[in-house]
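Heads up, the thing below is written out as structure tokens.
Order as written gives the chain letters A, B, C and D; numbering starts at 1 within each chain.
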């Protein structure tokens, strides 16, 4: 699949990011590790020449993994040297004010580079899962231990919000890192609504399938119905029906489908059709955000080592379970610039802004997201038919 | 092009609409004109069987035009008989209350059918223009007389709005017809902004081209840049460069490009890139609507017989010129359901709702739109790369 | 389908042929009918500029049929004037020797143009049939009267040939017109073989279908098996299974399948698979030719007005039935140059020679071929998956 | 590229061949190494279930190389046990008569399996070259030492043959192994002709390029001209023009183009166009074969370790140089069954016969072919646009 890259490429590309945006501009006389790597490991930055074609990344049998590791070590060493320069070291030790603009930019880019690498940590897992999950051998990546299966699940509860004019976007007083697409904070008007206290689970989704959910055009968006036909969708990406029984491929292998686990690896089109079948709908990104601000950022992240969403626990009344971790939650909101949005200056402005068409916002975080990567204003985005991320469904309704 | 249908098909399909949604359900014992027409002239209603494939409409050498005309006459006669039934006739003559639900539904569907036919009147012209405009002979469809060319144009002015919580969607007290996607009226929060008092003109757009606008990736959305490459965009759809001079194909033939006319037949991607080049942006659909509510619905519509947008006149201070007629204006708003949106019941619910993904809203009306089809809450929608409609650009900016 | 052109285009292109290769070079000061027609109606001659793209011929709503007729009349009048020049007229009246090389070339090209037009007469019918046959209305083109249906058919006989060194290609002493691909006459060595005395009929082919012929990979060439899958072949092109009964679309409408008629509109891949199923094979073009030389050129041609192959009559012992007319017969011979082959000089050399790859030779003639177009050395050629010509099967075997 | 498989796949597939066609049918109670390998490593045998899709072979990150090696060792051990059964061992030691049909079949299949593996040895190199040659790093596979560059080359001589009825196909009295497509030996009639005494070299081919050979439609077959356009051919597959100088990627890296080396990695279409440019033609497979029978089988094969064709030495008068080894030579002959051809029985019949459409025969052998794989009757075959094999050009002419 054109969207999935091999692990080696992710390792090299995240290194490339530091080399391109830190070492080359800020280390005088910097010697590139290899003259061709600027081209080979450029993902999509037109400001840095022509990127190597994405669908061909998988064909790069060279450089070898060992060469990529050497590349990482080389860049890391240079980066440490840069950061240990007296001025910068002082800033870091004392948490003191940054003395000049260049130092400020270096630190901002290091931070950005780390968050960039966190994103690729997640992609590395989802891309690898795509490869393994389409191999008839169903290889095991890691044998995490999911909480024990419960044979049943109870109905989701809905937590209400009165609506009104609310804040959206990063709180500038928090001092937290954020991507440019979370800025500026601004106000939006939200109608009264309610959110389900947990994501939709496999058992519920199976009922949709058994009720011919994939055969009823009236439940689907027109594009979704077409995608369903062209891609032959009959169930979530990693579900397999074998001799009349349902199985799910997880990074710990192929297992009988557990009804209590969150449904995962569904497209926004499937999420929409499922919601229509229940008579409800997907939340907007602002509905999600206003609720999430009221709760702490916690959940099952990549550090848990499960690499698969776990079952819901019973949430206290008026609290939402699994806002973060487990599965990203599709929203009905198109990925658009906030009023007054300004991309980062220069080539780094290509990071987010140029993708603001035809995509939908996802909120939360998944079982493959690093914990420090999650926050209430975070906007993830994918195309409606995309299924290879850990994407799930949280329902909303008008009240 | 898969999106464009021949005139004959439009004539038959609009007739099919009345036959399918009025005659078949409301005329007892109705005899269909031809058993296969239900299939042949179904555009996209899955609730009425499998539609005949859209890209193959152009291959239907049969039925002939004469047979389609006969079909129209047959259905029209039956429709008049239905409407002359005593109950319905009474309603119409007295503007009195409708006596029963069935009569109410009949009248609602006739009205819908008429607005549907208005939409196809516009499509018939844009589809025909696509066909003629790609014929090396550049046939003349109709020799309308555009207002005389002015050699220059003055800079657009910007009209400001203070922002705040404003209404969006059809005013239910107006009693006007509207499509389901304009409902329900609701409130949105708008930031302060300003709108240009006229659409971008060819002369301005030519400067963008001459400044390498089509070669600068930094101005474009990622999808737009890709579309530009794949489709080899170098100028608006009907511009032709011949021996170093620019011409524009219009429905009155191929003519030297007039700098004073509004630029038309640009995709949303080109509109976005142009706006980025000027340092401004496209308006949201709500910014457009709140301004439009303050002005009367007037402009150059299809009744003017020009079939091409005319030049701007100087607007009075604080008024917007060419809000309606001339060109549809791309907005930055994705085509999404309004809060609380409900599609029409049954198969007619497929009219609008299922297209609410990946498209953008356009506002206003064009030189091919019937006058009674325009209103401030009207939401037209097309995919960002679409260029064959009369689509233009009105700029916005933050204030 | 990219291969099929509308009737209007055939009318214009055959006229273009005379204009391009006769009037322009041989009439001093010739005024072209329309400057764009050279481009619009060029089929594939790179030597005459860039041909108008073949798949877009169907979109040319202009020129109208009336304009094309006017084009034909204009060119025909000019052509007659040219041919009535004293020198040329003398040649024709007296059948005397041509006086100079230019006159000789004019006459050769007129003859070529007539044979070219004969080929397009056939294509016009097969293209029109493709259009009508894919229209759910199954329009009737002409109500020819096929010989009455016989309920049964008797087994084909095989006529043997002893093999040896035989002639292939046009006999230069015959004085007949031929295309360049039939030259030069040469000798080939043929092994002993036998040919069926009639083409395969629908009844026989139906047995192949009922015996799962379309589901057995072992009967098919690898490319044929792939084409079968991609194009979803389950029967010949115009067979339709409706409620368990087989019908065949013919130019006189949709009719129940007649078992006694020759199977027609099969690809070479289907012909190959059918032959494999019978344990026999397709003939080589030389096997066909050596047998055909022993019989007169007769059969059901386009002049019969049936536009469909008729049933076989019982052939006298050791004679072959339906060699010409009814259906073209696929051979196993790839379309290759004869030893010493030279294409016509100049742009006319593009007529045949550049197509000598990946195609197969068909021999005989069909129910859509003009009678004077048939001869034993004639080499028709199409790609193995092509089905829209009147193509059938005559079996061969080793002896 | 869909045609190229990774080395690991070749290693597994050739093992699969022995497992499938020898161990499974002839070793009672044989335990397959892995139940899924039958599917994963089936190339194209429909008789052994559904082959794993060819374009996805490159995505099989599992089994690992180590697992494939274990597979090979397992199968090899079982195979040796089978061959050491008393009956079979006796046959091999004494070269005596085979006692029964089953033993005969086992030995025939072992021999076939070895020749099959030889073919994949060559493919492994050409596939690997394709991968390396499209990597911007131009990795070195092996640093063979080509004979030193000569700065010039002398014109090719032509060796004549008087034509007549000649033998074609394997000589049954030779006792040599052959594929089924080389049988039966039969006679063909060949016209007088002459063959060039060496393949076309880079210097000659460069003249063709410089004379606009890739821009002149009149030199090309229609399909070739289209392929040239779609695939953007401007030179042989591994030629690279860098700052106005020509380089060639070889398995020993990227080097300045050597004019004296044979041109290699050209399609049949380029070979045809080149021949047309010289006023000559490609030989038929029978012309090549009748000449080759008069000379010993010798040349630069894979055992030489060069993995690239070397320069021609001066051939003695009336002898042909480089018939075998160096480059495969495109012929003008389509790959068709010989008269009386019978494929092997059962699934092994899919080995060759089903590919007899749309391909051309190549004769000789290349620098990647094992020496014992070459013989005068050998028929290699590829599609006319294929370029990734070591394919070159030997010219022929009529005399």
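In the analysis below, a contact is a pair of C-beta atoms (placed from the backbone, for glycine too) under 8 Å apart; a residue touches a chain by one contact, two chains touch by 3 or more.
All values reported here derive from a predicted model rather than from experimental measurement.
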- Task: Please give the intersection of the contact partners of subunit A with those of subunit B.
- Result: none
- Item | subunit D and subunit C - chains in contact with each | none
- Query: Among the chains, which has its CA centre at the largest distance from subunit D's?
  - Reply: B
- Task: Find the geometric centre of each of subunit B and subunit C from their Cα atoms only, then give the gap between the two centres in Å, rounded to an integer.
- Result: 48
- Rounded Å distance, subunit B centre to subunit D centre (Cα mean): 59
- Message: Quick check: what residues of subunit C touch more than one other chain, meaning two or more?
- Response: none
- Item | Chain-to-chain touches, reported pairwise for every pair that qualifies | A-B, A-D, B-C, C-D
- Item | In the complex with subunit C, residue positions of subunit B that touch it | 36, 39-40, 52, 56, 58-63, 131-132, 134-137, 139
- Message: Considering only the defined contacts, which subunit D positions touch subunit C in the complex?
- Response: 44, 46-47, 165, 186-189, 191, 217-218, 220-225, 268-269, 272, 332-334, 336-337, 339-340, 349-350, 354-358, 384, 398
